[in-house]
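So the structure is just underneath, and the comments pick up after that.
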C-alpha cells in the first residue's frame, strides 16, 4: 500500500515536470513574445524595453530554468497586465472557481447517482433506456449554449435568477448547473455499471436471503461497492470541471481563475497563462492522488492489506 | 407429522424459454435432513432459490403447493416473504468467498440479520453474533466480528455464513452446496457442524449437493433430480439399497460409497450431458443417455412406487433388471 | 429493443442529413453566406413576425442569410470533427497498440504520456495554442487532434492487451511474421470495432470543443460561418432576438446527439460492451 502510494507520488512529480515544460513551450509558440505584448503601435525601442524587462532577451533554456526554479518555490512571476504577482492573482480568483466547481460537482453527483441507481435497478427496461437517452441528450448540449439559454429563460423572461456575477449565492446556481451538465453522463454511466455488477453479486443474494428491505440492499450493500470507482472519477471530473469552467465563467461573467486565463490569453499575458496551465494541472494531479487515497479508505481490502 | 416445508409441482422457467424446474415435489420434516441431489444444471439450485423467492429477474415460478408450516408462500407479497426470509427460513450458499459483502465487517453483516427481524439493539445483536461464531467453532469471535471478509479463509467464511443464517433461530435451513468450494478436510468439518447444529436445534435441513458421499453421510431422505425433475425419491436407506431409476443406478455406479458399493464392482460413468429443456419438451429427460430407453420414453415417464414412500419416474417396473431378464 | 433501434436509426438519419446539407451547401444555400447587406440586418425567421420567405432562418447582425451560414457551418463542424478524429486517432491508436502489445517499459512510457495528457487542462491549452499561434482552420484541427487522443490510446491499449494473448497472434509470431505485420494485420483489425465507437465519441467532443473555442473568440476566425462563432456573434442580440443563438445552438445539439446515438448503436451492434 505504502509502496503503491510512493510510486503514485513519484509519477505525479514526473507529470508535474512534464506539464512545466508544456506550459512554458505553449506560451513561446508565437515566436517573439515581446512583439505580441508590445502591440502593433510599438516602436522598436518599446519592444527592446519589454524584452529586457521580462527577461525575454535571454536564451530560452535560461528563461525556462529561471521560471521553473521560481515556480517550484511558489513564485509564478508577475503579470504585466495587472502589474501584480501571478500567484496572488490566482489566489484572489480561486474562491469563485472553486465554489463553482464544487457546487457543480455536488449537483452532478446528486443527479447522476440516483439516475444511475435507477437505471441499474431497472436494467434493460424502458426506464433504463430512457435514462440512457436523457444522458445522451445532456451530453450533446454545448455547455456555453445551455448557459445562454438559461440566461434568456430563467434570467430574462422569468427573472428568477441573476444573469451574471456572483454578488449573491443565487448567482452561482445557473453556472453550477451548467457546469454539472458536462459531468452527469459519465458519472451516471459509471454508477449504473457499478450498480449492475454489484446487484448481480453473491453478497446481494445473501442480503436478500437475510430478508433485508430493498432500500437497504440497494443503498447499503450495493451502492457502497459501486461507489468506489465513482469516487475516483468524481475527483477526476472535478479536475476537468475546474479546467472547463473557463467557458462558463466567460458566459456568466464570473471573475474566477478561468476568466483570468481567458483574459490573459487574449492579451498575451504569458506569465499568467503558463501559471494557470501549471496550476490547473497540479490541482488535477493532486485530485487523482486524493482519489487513490480515498479509495484506499473506502475499500477495506486496500486499507488492511 | 406435518412437514416444515411442503412443495408440490414446483415449476420454474426462464425468459429464454428454458424450463429449469418441471414440477418437483418434496417435503422436509422437522429435525430431518432432506438431500436434493443431482449434477450441475439439473435445476436443484434454482429450486431452492424458487422456494426462497430469490430467483433472478426473468425467471418465473409456479406451484400447486408451496407451504412453510401453515403459511402459503405463494400468496405472500415480496414484502411479507422478506419478513420470513432470514428469520424462520434461512439459506446458505455455495460461494463463501463472494457471498459476504467485502465492504462491511463480519459483525455488521451478522448483526443486521437480527436487527432486521427483531426489536433488539445492535450491541445485543453483536453479542448474539459472537455467541453463534463460537458455536460454529470460531475462536476469538470478538476479533472476528471486527474483521472484513477478505481477512478470513474460505472455511471460516462458510462458518460465518452458517452462523449468520442461525441469527434468528430459523426452523428451516436451505444449504446450497455449502461445502463444494472448500478443501476436503474443511468440508468434513462443516458437514459435522451442520449435523450437530441440526440435531441440537431441531432444524429442518434441505441440503443441496451433487456429492453422493455427502448424501450417504447426511441424508434421512433423498430426492434425485435430473433435468428439472425429481426422478427418484426415497429414504436414504432405501435409495442406496434399492436404487430404481436408471439415472440413480448410474450415479451410484459412478461413485464408491463406503458400505454401499460392492468392493469389487467396477466404477461406471454416464455418457452424454444434461439436455436443455425447452417449452415443448415431452417424455423422459434422461432417455438420450439411458441404456434402457424405449420408444415410449419419448412420450411419457410414469410415476411409479417401488415401495411405500419410494417413488420414481420411469416406464421400467420396480424390479426391472431381474424382470427384464426373466 | 424498438427504442434502441429507433435511436440508432435516428442518429444515422441526423448525421446523414447534416452530411448531405454540408456537401450540397453551395447548391442548396439560397444566398452567399458571406454577403453582407446592412439594410437587411436581423430579419427574423420566416415563421416569426416580420419574417420573409426570402430568408427562411432570417439574417444576422451584418445582414447575412442565416440559413446559408448554417449550411456552410455544417461543413466546418464535420470537417473539423473528421480531421481532428483522424489526427488524434493516428496518435492514440499507435501509442495504445505499442503499449498494449509490447508492455513493460514501452507501456510505462505510453501510460505516462496518457497521464500527462489528462492532467493538461484541455480547453485552456487549446485556447492558448490558437491565441499564440494564430487562428485558422488548420491550427484548430491540429490542436484538437493533438489533444483528443487519450481515449483512443486507453482503449487501443486495453483491447490490444486482450488480443495479444490469443492463439492466432501466437501463430503469426511462430510463423515468423514481422512485428509491423502482426500489429497492422492481426491486432488492428481485431480491435477496430472498439475504436470505431471511440471515434464517434471523440468526433462529438471535437465538434463541441471547436464550437466552444470559436464562441470564446479563439477558434475558427471570422467571417467563417462556424456554429460556435454564430452563437458568439449573436450573443449581444440574444435578449431581443433569441433565435440568433437558438438556431445554431439547436443545429449543434442535434448533430452531436446524432453522432452520439450512432455511436451508442454501433456499440450495441459491434458488441463492444461497456469498455468504451
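Going in written order, the chains are labelled A, B and C, and every chain counts its residues from 1.
Methods note: a contact is a pair of C-beta atoms (placed from the backbone, for glycine too) under 8 Å apart; a residue touches a chain by one contact, two chains touch by 3 or more.
Only a predicted model underlies this, so the values are computations on that prediction, with no experimental measurement involved.
Engineer: Of the chains shown, whose Cα mean is nearest the mean of all protein Cα atoms?
Structural biologist: Closest to the centre of all protein C-alpha atoms: chain A.
Engineer: Which chain maximises the distance between its CA centroid and that of chain A?
Structural biologist: Most distant chain from chain A: B.
Engineer: Taking each chain's centre as the mean position of its Cα atoms, how many Å separate chain B from chain C?
Structural biologist: Result: the chain centres lie 57 Å from each other.
Engineer: Could you please state the distance in Å, as a whole number, between where the Cα atoms of chain A are centred and where those of chain C are centred?
Structural biologist: Centre-to-centre distance between chain A and chain C: 21 Å.
Engineer: Mind checking the centre-to-centre distance between chain A and chain B? Centres are C-alpha means, answer in whole Å.
Structural biologist: 54
Engineer: Using the touch definition up top, name the residues of chain C that touch chain A in the complex.
Structural biologist: Against chain A, chain C makes touches at 3-4, 7, 112, 115-116, 118-125, 127-129, 131-134, 204, 208, 211-212, 215-218, 228, 231, 235, 238-239, 242, 245-246, 249, 252-254, 256-257, 260-261, 264, 274.
Engineer: Which residues of chain A touch chain C once you look at their complex with the stated criterion?
Structural biologist: Residues of chain A touching chain C: 11, 14-15, 18-19, 22, 26-30, 36, 126, 129-130, 132-133, 136-137, 139-145, 148-149, 151-152, 156, 189, 193, 236, 239-240, 242-244, 246-247, 250, 258, 261-262, 265-266, 268, 273, 276-277, 280-281, 284-285, 288.
Engineer: Okay, in this complex, where on chain B does chain A touch?
Structural biologist: 52, 54, 82-87, 90-91, 93, 95, 98-104, 112-113, 116-117, 148, 150-151, 161, 164-165
Engineer: Quick check: in the complex, which residue numbers of chain A touch chain B?
Structural biologist: For chain A paired with chain B, touching residues are 201-203, 205-214, 216, 221, 224-225, 298-301, 304.
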